[in-house]
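Same chain, two partners: chain A is paired with chain B first, then with chain C.
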Partner chain A sequence: MRNKNWKQILLFLLPVLTLFVVYFVYPLGFVFVTSLTKWNGIGSMEFIGLDNYIDLFGDATFRLSLRNNILWALIRAFIHIPMAAGMAMILARKPLGWKTTRTIIFLPNVISQVALAMMWLAIYNAEFGILNSLLEGIGLSHLAQNWLGNTTTALPAVIVQQVFYIGYFMIVILASRMGISDTYYEAAEIDGANILQQELHITIPMLRGILITTMTLALAYGMRHFESTYLMTNGGPAHSTSVLGILLFRDMGALKYGEANAIGSILIIFGGVTIAIIRWLFSRNDSASDAAQ
Partner chain B sequence: MVQKGLKKLTAVDYIAKIGKWMYIIFFLFMTFAPIIWLVISSFKTNFEFETQPFSFPAVWQFQNYQNALQMAGLPRLFLNSTIIASCAMIVNLGVSAMGAFAISREKFKFNETILNIILAGVLVPIIALMVPYFKIVSSLGVYDTLIGLIITYAAMNLPVSVYLVHGFMGSIPIELEEAAVIDGCSFTQRFTKVVFPLTKPGLVTAGTLVFIYCWNEFTYAMLLTSSEASRTLQLGIRFFRSQFVVDYTSMLAAIVITMIPTIFVYVFLHDRIISGMTAGAVKG
Partner chain C sequence: MRTKKILLGLALIMFIMPSVVWAAGQQEADKEIVLKWPTIWVGADSKAPMVKALVDEFNEMYDGKYQVDIEENPDYDAYRNKLNAQISAGVVPDLFVFNVSQTSFAFYEGDLLMDFSEDLDSDWGDNFVEGSIAGATIDGETKSVPFEIAVTPVWYNMDIFNAAGVDEVPTTYDEFFDACDKIKAAGFIPTSQMTGGTNAWTSMLWFSHIAAAIGGPDVWEKDITDPVFVQAAEILLKMYSDGNTSKDAIGGDAGVSGGHFLAGRSAMFINGPWYIGRVKSEAEAVYNATTIASAPGSEFSGAQIGFPQSNLAAAATDDPRKKEATVAFMQWMTKPENVKKISFDSGALFAVGYTVDENEEVDALQGKFMNAINDASFINTHFQYNYTSDVVAEFGQALAKMALGQATPEEFVEQIANKID
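Up next is the complex of A and B:
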């Protein structure tokens, strides 16, 4: 049955569909297709099959960057998310000042990565940085160093800058936690369960869905990681903090557009495959446990 | 919470309580202390900043803020960012509201499919699209212009906005529109006179998120502009480091200035921002 308003419907959908096709559908196709070419962005493309990919995986810097991306993904999923979930569990019990705490912890999410990066550059600075001043102040001056200039400390330093900003996932998990009825906890309390037991046996199982979702997102974000590292170290020193986004940007600057898009494709595929695998794994598990009951 | 006052606290409860407060204080410290330190330092002399990093300034140097405004062309950058973020927000909301209206209020063959495809856009890692975005913006002839960034930002935020606005429109009773149709309202009037005004709270939420995103965006502001005339604030403060070689605390003042608008918005609209971001994440 054809809707009698179809002309207006089309007119209303036209802007959103046009922008979406131009900025999402076409770019995705473009990235995949041109990743199979040698192309400097201006001249003609030369089809070279999977050569860009083969070259990339043979390159030590690429493998190091990919390893760093995987490290970011794992740290986000298995350290960042549990820390956010912990805070959500605490704040859900509404301790003194919980709303203010929530507001402050979320605050960095409205500040730009540029401002945060410049702030942390001042913290990590080798000459006048407050991290070194702090260490000297408590008698640990032998630990003071050039945090971002040293291959052993640069990666931990850029990770620390990001990993404690738990605000975003905290509010997402907190919203779900607030949806759990108090009656479960009251019943558990009457049965003599202490707070830790309540969290372990009520909250975590009830939040299973949202925890899986946020961990999946966190894994995907780990693959996309770019801005804060670009701003603080630009991948250095000696590529120790490099990630795929930084290599992509660098290839683009060097007019290696085909290879840049091969990196883009890898980024998209890794993210997509991660999400698909986790979905499939858990939907299979869920139906298996449903069947067992 | 029954009989809480009467129950004797066990050892586990005590440990949990101490642990809880240490946890809260640790995260409050990690998030807030550096920002406070930054703001205080921005009022110091450079000598104080280097010699006494943790003290308050002897005399609060408001001069730093004047220096920042004069040295870095900050007013121009501020204006560019305001224009870009506001226009991108308006374009984005207009386009998403029209699309969401057609999808949510009319039944046609592919409306579910279209919605799901647009929402799947959040799964696309935008940084992987640097080359195509650069090519698209160049071939549209809007490279290094404010318009180029406005269109790009409006488009990048479509999936989230469509999701939020569509969800909000779903909660408006269809009977209101049926009554309007009986009163002789056309398709377009149903949108402009009935649904659009009622969707305002949803639009404010989506608009706030888009504005903050555009204000803070860095990567594409860097990639899609080259001249100072179309530079945004975020890009500008990247170049501050070379401009303020001798005057570090004025640079900190400049950074604080760039943070003010979004923090201001956050202070007034934090409930909306938080609820919008929560809704936006769970769809994944």
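Up next is the complex of A and C:
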């Protein structure tokens, strides 16, 4: 059967395969090939083997940026998603004002990252920021500081700004949670299970597939994190908030496309490996998660 | 009979075809040449109104023949990144503006940009300030037209100086830090600084001034690890210490450093003449209180930091009519009367010379800028002009590290040196 229809199958696959090759395989190959060159994007390429990679791994800023990327990925997967799931579980029980709360939590997702970053810059400002004013107002003026200008507070400040925007994943998880039949909960209640037990033993197992999917997406977002850090700190101070996207962007601005593409390649490889490990850990002997894949 | 018909048909075709070809060619020759000009001189930029007026005038003058369409790009950084990407992809805009730097001169490679060297050899070239065309020429090719230049002296808010009991601007760094102490005691911020943005602009200019004062006119010929730059870093570090700048300077961008000066909170600030229009419109009291002078001296005094700010460039073309249109527009934009209009309206300075009549009133602050250029003992370029953009970006990061007490001045210059290829 398969041999008989292979021409037709190929014909139907051809448009999408063409697009896939042109817009994914070719650019990806181009990135990998040019990462082995010294190239300013205008003149000719000079093949330098793995020099760009050797230079990058010898650079402390690169290693710090890679560490920050991994941190972003882990925080998004293991703090951001559990927060979104927790809120989805609360809202699924339809407490008073749950629709309004859902809208308010989702609202930041329809506001541009630039506007949000500007707002947080104003909140964190060392001279006039609301946060410092608040701390001074409650007698904690000794804690007031330049939140984005200090190497110990800048990264947590940018992370906090992002990690609380759980709206997108909360909506995705909430939609799945709403699909679970009430009969499971009613039966559990008759059996004497409290709310926490119901969530632990009914909701979480039944949401396992969507939780793995959202965690995988969150990991991917973490690995490619760029916008809010670029807008709020540009990787500073002293590279403390730097991520690979910022280094890549900076190298492109300096017309160092060979090195920029080496960073891009590393980002792709690390992202792929991290996601593969996470999915492998979650999906071992689990058919529910297979369905989610 | 049939042969006759065929011959008649062929004769008709032979007669008609050249007419059709000629008519098509004529139509092509009459077709309006449209040049797209993505530019940053739009929106709130001080040059925007006059640039638009000049483009409109050009379009009117060449109605039906040439037309220039402005594409608005108000974000300077985004414009630069877009330009880099476009030129790397071989898609050069018909007309564009670029900041002159060691990075952007890479655009000259290959055959992407139009070469104006032959056109500038004519009377047109006489419009330009001496040396500016040479500065835009590499290997005999002038692939951009010098346009805006800048000098970046120190802006002193004399109302704050007077309130602090300081009557004169400091001429040495000892006087400078004495003045800082008095300014702090009067409740003001002595200097505007910033480590953020893509180039830590204000602090990078302070560093360039200090380096010129210590190292003299040839300072940029020295290696960045030279003791001159370590000494300059020590003075810059002192500007970040003991409340000599604002609390938000580390991590702050141009909005922060400029904002303190505009609000009358900081006493000293550095920027170019393009900022005159903004100070005049947004902070009249500060405008009236501002005086312009060189930074304090050390081994050398009276230096200014000056550099080509932006050049005009265009895509290379094989179409003679398009080239003609491009050169016509470049000549229009660099016509002395037109440059004078932009300069008077915005406060910006240009690489094109023009005469000012006695009855014409030059903006007071712009006049001070011109005096600063004339009075300068020598004019040096800044740090940014001498290094690629990734090294310039490293300057801000290294400065933040030093200002936070995590690096010494020696380590500061070492960090920058490590970034240089």
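Keep in mind that, in the parts below, the second predicted complex is superposed on the first by the 254 of 293 C-alpha atoms of A that agree within 3 Å, B and C clash if a C-alpha of one lies under 4 Å from a C-alpha of the other, contacts with A are read in each partner's own complex, and residues count from 1 in each chain.
Quick note on the criterion: a residue touches a chain if its C-beta (ideal position, glycine included) is under 8 Å from a C-beta of that chain, and two chains touch if they have at least 3 such contacts.
No experiment lies behind these values; they were computed from the predicted model shown.
Clashing of chain B with chain C is the outcome of superposition onto chain A. In the superposed model, A:Val33 lies in contact with neither chain B nor chain C.
Looking at the shared chain after the overlay, A:Lys256 reaches chain C, while chain B stays out of its contact range. Once the two complexes are laid over each other on the shared chain, residue contacts for A:Ile195 go to chain B alone; chain C is not touched. A simple residue count on chain A separates chain B from chain C, and the partner touching more is B. Of the two partner chains, neither chain B nor chain C is touched by A:Ile54. By the document's definition of touching, of the two partners only chain B reaches A:Tyr168; chain C does not. When the two structures are aligned on the shared chain, A:Leu281 is found in touch with neither chain B nor chain C.
Once chain A of one complex is fitted onto chain A of the other, the partner contacts of A:Gln113 are limited to chain B, with no touch recorded for chain C. Of the candidate stretches 20-28, 74-82 or 182-190 in chain C, only 74-82 runs into chain B once the two complexes are overlaid on chain A. When the two complexes are laid over each other on chain A, chain A has residues 41, 249, 252, 257 in contact with both chain B and chain C. Residues of chain B touching chain A in their complex: 1-2, 10, 12-13, 16, 20-21, 23-24, 27-28, 30-32, 34-35, 37-38, 41, 49-50, 53-54, 94-96, 98-99, 101-103, 106-108, 114, 117-118, 121, 123-136, 151-152, 154-156, 158-159, 162, 187-188, 191, 212, 215-219, 223, 234, 237-238, 240-241, 248, 251-252, 255, 258-259, 262-263, 265-266, 270, 273-275, 277-278, 281-282, 284. Taken in their complex, chain A has these residues touching chain B: 3, 5-6, 8-9, 12-13, 15-17, 19-20, 22-24, 26-28, 30-31, 34, 41, 83, 86-87, 90, 95, 101-115, 118-120, 122-123, 128, 130, 133, 137, 164-169, 171-172, 175-176, 182, 185-186, 189-190, 194-196, 210, 213-214, 216-217, 220, 223-224, 226-227, 230-231, 245, 248-249, 252, 257, 260-261, 263-265, 267-268, 271-272, 275. Within the complex formed with chain A, the residues of chain C that make contact are 80-81, 84-85, 87-88, 103, 106-107, 109-110, 112, 195-198, 246-253, 388-391, 393, 396-398, 400-401, 404, 406-407. For chain A in complex with chain C, the residues that touch the partner chain are 40-43, 61, 125-127, 146, 148-151, 154, 233-239, 249-257.
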